[in-house]
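Below are two complexes that have chain A in common, paired first with chain B and then with chain C.
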Partner chain A sequence: MAEFIQIIVSGLAAGSIYALAAVGFTLLWQASQTINFAQGEFVMLPAFFVLVGMTVFGLPLWPSVALALALSLLILGVAFKRLIVEPMLPHGTLPLVIATISLGLLMKESVKEFYGATAQPFPAIFPQTVYEIAGASVSMQDIGNLVVSMLAIGSLQLFLNRTRTGRCMQASAQNPAVAEILGVNVKRMVLYTFLINAGLATVASVLISPIYLAKFSNGETLGLVAFIAAIVGGFNQIRGALVGGLLIGVIDNLSAVYISAQYRSAMPLLLLIAIILLRPQGLLGTSEGRTV
Partner chain B sequence: MIRKLITTTAMVLALGAMPALAELKVGSIVELSGPGAAAGTNFRDGVKMGFEEINAQGGILKEPVKVLEYDSQTDPQVSRAMVQKGIDDGIYAIMGTVFSSSTVVNMLVARQAGIPQFTGSEAPSIVAMKNPYIFRTAFGSQKGVPKLAKYMSETMGLKKVGVAWANTEFGKGGHKAFVDAMKAANIEIVVDVPSEQAQADFSADVLKLKGSTAEAFFIYYTEEESARFLREARKQGLNKPLLGETTLIGHKVIELAGDAANGAMGHVGLTPDADIPAVKEMVERFKTKFKYTPDHNAIKGYTAAWTLKYVTEMVGKPDSKAIAEKLHGLKLTAKEHPGVLMDMSWDDTGEMSRESFVVKVENGKQVVQAVLPPN
Partner chain C sequence: MIRLKPFLLLLGIAALVAAPIGQGNYIVYTLASWLIFSITAMGLNLTLGYAGQVSLAQAAFMGIGAYITALMTLNGIHWGLAVIVSIAASFAVGLLLGYPALRVQHHFLAFVTLAFNTLLFLVLRNEEEITGGSFGLVGMPRPSFFGITTDSNIAFYYFTLVCFVVSASAMWWILRSPWGRAFRALRENPIRAESLGLKVRRQTLLAFAIGSAFGGLAGALQAPLVQFIEPSSFALIHSLKILLMVVVGGSGFFFGPMLGAAVVILLPELLRFTEGYYLIIYSTLVIVLMVFSPTGLIGAGKKLAERFRPKHEARRDLKQGVQL
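What follows is the complex of A and B.
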């Protein structure tokens, strides 16, 4: 039982970070029909901004995190929207997908070139305390990761549902033409979405890097897992991405412990195939009709 | 008189027309990116420093050595292509690769071309293929693991152990050597956990180990994987002894894992913390030059460079085939050949022997517990 509790807690902690990245997928899709295949690299990069703050500018951890957040909002939010998405979007989804794949490669290779190919140690955000709960060792890091991720996603959900700006963002996502007629500044709402995605990526990066270590190739795994999580949960629902992320985290751990560690990475893919066959809109997603 | 003048003039003209002796080219083919970058970068820098010192002392056979660097990307197929590229570029010896999964593939290309290859790989399969051109720079896990097994059995008195290993060519070799050694030492393996290459999340692996009745665990991953594992082990409160080879307690692992590396023990063929003056001096020069502490891979690369110099000069010419033949059964002593730092020898398979060390990580530093003789 203790082992099972520990598997679930570890799975939820990892899954909650996947969920942060997966929510970014759904946000951008809803706001601008953008499938961002550089999302994994969006999570990889802020960790290096933090390290630059600490090693180059000699800042303590938290000011470095603030610096990373500012740079992420600027580069992964504003610049990404202005320089990649806006020029490419009129050409359709496919060119934009290719552009984001290229952007991911550029980010990865740039980090490798400027910061090095080897993994870098990343400071722990939470104390290294371990608690014994019903015989299971639960670390402060796992609890912290889970709580911070849930708070971030919960706050986003509240912001979208309970504030005027949030509702304007939803309106812009659902029907930009009607939203514009009703006086919503759609362009600004889309920009907010990109900024939120950059913010969530920074949070995910700071949470996951003490575990994964900061490395240029981290985005490969994270991007794939987050993409699967978004599809499993429902690409057009934030709560779907949350459920998808948590589910993948728990299934990954359960399959590694109880089935086979060698085939653990196959399990999320099997789940993905099952979802696409049985419920293409995802667990919590809604069906969307599109002209093709 | 005129005849003498004509002869002299002809000789001068002939000598002038002869091309200058070409510089010797050596290929440094290592993992500069991908999961093996930590190990590969150290090896590359060791090779680089070795040849810079050799050139500063007049080169090999009084010719300067040019090191051509290639990135294998930790990809066996890329490494194979890079070895071929190096051969096409005219190299007469190869330094690398470090990852066994790459070496088992690319060494066939070097063999076909008859180019001696100094590898940092430690998988037993590397020297089991009867390749006359492959030479280790550190002994294989089939030689190292039995030494550690003896320590686990006789000094620690263990009866039940667990093993966590990377399911790669490198990991398979170490795993097999460990399983065989445990069988010989009559120690039961109660949990056996393979993982994927470059795995990032080790929570499930640690959980499996933690749930077992093992008294200690043998951990056999690459440096970056080891660091992630140690962090996770600390996070989950896995407080039983963790033992491994060089890749568990190397300097890169200690840097990446931080406090989580403390307490880990390992058997290492090479350590910058060895109480050997030549090694300590080399480490200091390396730190001054590259601004980081070298690990065992840097020492492997450095000694490989010097080995090539000594053997080439013994042969008297940069003849790749003759160098490979000379290396089989050769012993180089540190007294006569200071560049090798410690006495080392190679058998007829290219396997090497050298003294080794049992170390424990204490306060972020390797502390040598015992020196083991060559086997």
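What follows is the complex of A and C.
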């Protein structure tokens, strides 16, 4: 039982970080029909911005994180939208898919070439203490990750539902033409979405890198997991991406312990196939979702 | 213009025949590998460019073909039989995957194939007794026909070339048959196609399965070419690479996949002098190409040609139709 609790907690902690990436993924899809195949690399990159801040400029951890956030907003948010997504949107989804695949490759190879191919240790954000709760050892790090991601997603949800800008963003995603007529600056709202995605990626990066170490190839698995989480939860719902992320985290951990370590990464995929066959709109999704 | 085409085609084939003469082993090997990837990209082009479905498992179908061929030929069965089994197996798996996926909205095929590719990779890596696990399988014999062996690299290149020409002709025939025209009708206007009595789902499924079968054939050629196969040669990243070939070349154009495969296989070789930077340059080029010409290289070429070629204009006096 103690072991079970331990597995669930660390699964939820990992899953909440996946959820951050998955929520960003869903937002981009809603706002601009961008299937971002570079999402994993979006989570991989900010950690290296932090490391550059610390090693090259000699900054302490938190100013480096601020620097990474600023760089991510600029590069992964503004530049990604202006230079890549915007010119390609009129040509449909496929060229954009290819471009994001290449972008992921570009980011991965650039980090490998300009920073290093080995896994880099990343400073811990939370103290390394481990608590004993009902016989289960739960680390401060897991709790911290879970709390921070939940806060981030919770405040995003509040922002989208309770503020004027947030509701304008939702309107732009649901029906750009009508939103435009009603006086919403749709282009600006789409830009906000890209900025939020970059911000979420930075948070996810800072949380996950102390666990997995910062490595150029981290994006491969992260991107796939975010993708699966978004589809499992429901492609057109933030709540869906959240549930999907948590579910994948827990299932991943459970199957590693109770089923087979070799086929650990097969379980989320089987879940994905089952969901597509049985409930194609996702667990929480509504079926009116747009087609590609 | 129309008279020119068969001539150009013959010239192309002659160039392919002459290409490896006097070249080193490595170049012959690269050329053969280009032909193989052209076959698989042609298959994906049928799925993507003509039937409008994104498949992210083309490398997995190559894997199915390669492993079946490797296991059969290592056990002394002739390649000729192995290739038929490979093609049939990829076709069948394509049907099995596509049937449920195409039941729902059309982009779900992309997700299902993505999951399938990763699952197949795990199975190939973990079932060591059969597939050799991450060590892979080594030493597949190259086939021989009526006493003629294809053991030397150059002989195997010509053998691949024959397979390539046969499969390209088959693809040409498919696209010009009523089936192929139906595929294109689906892509251009699915609602209209359906109203004309086409079974949209059945046609799309067929296009996907045939495309997968081309992947199986390519795999069956890959195994004896490299004589070493391992799971990571058929991982998801390679499916994305094949997708890249089709789109970079120009999806929906007959010669798009061959051009795309040439770019994806040969460009890294050309950029090798830049050492570690070649993937960086390469991915930047692809992004730039996609931003400026989403229809790929052939699309860009056509646009450029139209700018210079005198326009073929209908007679002005007939423009309004005959008016009496």
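The working rule: the second predicted complex is superposed on the first by the 288 of 292 C-alpha atoms of A that agree within 3 Å, B and C clash if a C-alpha of one lies under 4 Å from a C-alpha of the other, contacts with A are read in each partner's own complex, and residues count from 1 in each chain.
By our rule, a contact is a pair of C-beta atoms (placed from the backbone, for glycine too) under 8 Å apart; a residue touches a chain by one contact, two chains touch by 3 or more.
Nothing here was measured: the structure is a model prediction, and the numbers come from that model.
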{"item": "Overlay on chain A: chain C relative to chain B, clash or fit", "value": "fit"}
{"item": "Which of chain B and chain C A:Ile231 touches, first, second, both or neither", "value": "second"}
{"item": "First, second, both or neither for A:Gln33, with chain B first and chain C second", "value": "neither"}
{"item": "Partner chain(s) touched by A:Val257 [first = chain B, second = chain C, both, neither]", "value": "first"}
{"item": "Following superposition on chain A: angle at chain A, chain B versus chain C, Cα, nearest 10°", "value": "70"}
{"item": "First, second, both or neither for A:Pro280, with chain B first and chain C second", "value": "second"}
{"item": "First, second, both or neither for A:Gln157, with chain B first and chain C second", "value": "neither"}
{"item": "Partner chain in contact with A:Met88 - chain B first, chain C second, else both or neither", "value": "second"}
{"item": "Which of chain B and chain C A:Ser265 touches, first, second, both or neither", "value": "both"}
{"item": "First (chain B), second (chain C), both or neither touched by A:Ile98", "value": "second"}
{"item": "Which of chain B and chain C A:Leu106 touches, first, second, both or neither", "value": "second"}
{"item": "Where chain B and chain C come nearest after superposition, their Cα distance in Å", "value": "6"}
{"item": "Shared chain A surface residues [contacts with chain B and with chain C]", "value": "112, 262, 265"}
{"item": "Residues of chain B that touch chain A when the two form their complex", "value": "32-35, 37-38, 41, 167, 193-196, 198, 200-201, 203-205, 207-208, 210-211, 224, 227-228, 231-232, 234-237, 252, 255-259"}
{"item": "Touch list for chain A against partner chain C, complex", "value": "37, 83-84, 87-88, 91-99, 101-103, 105-106, 109-110, 112-113, 220, 224, 227-228, 231, 262-263, 265-266, 269-270, 272-273, 276-277, 280, 289, 291-292"}
{"item": "Footprint of chain B on chain A - complex, ascending", "value": "3, 6-7, 10-11, 14, 112, 116-121, 128, 130, 137, 139, 141-142, 210-213, 215-218, 221, 252-253, 256-257, 261-262, 264-265"}
{"item": "Partner chain A, residues of chain C touching it in the complex", "value": "48, 54, 100-101, 104-108, 110-112, 114-116, 118-119, 122, 125-126, 236-237, 240, 243-244, 247-248, 251, 276-277, 279-280, 282-284, 286-287, 290-291, 294"}
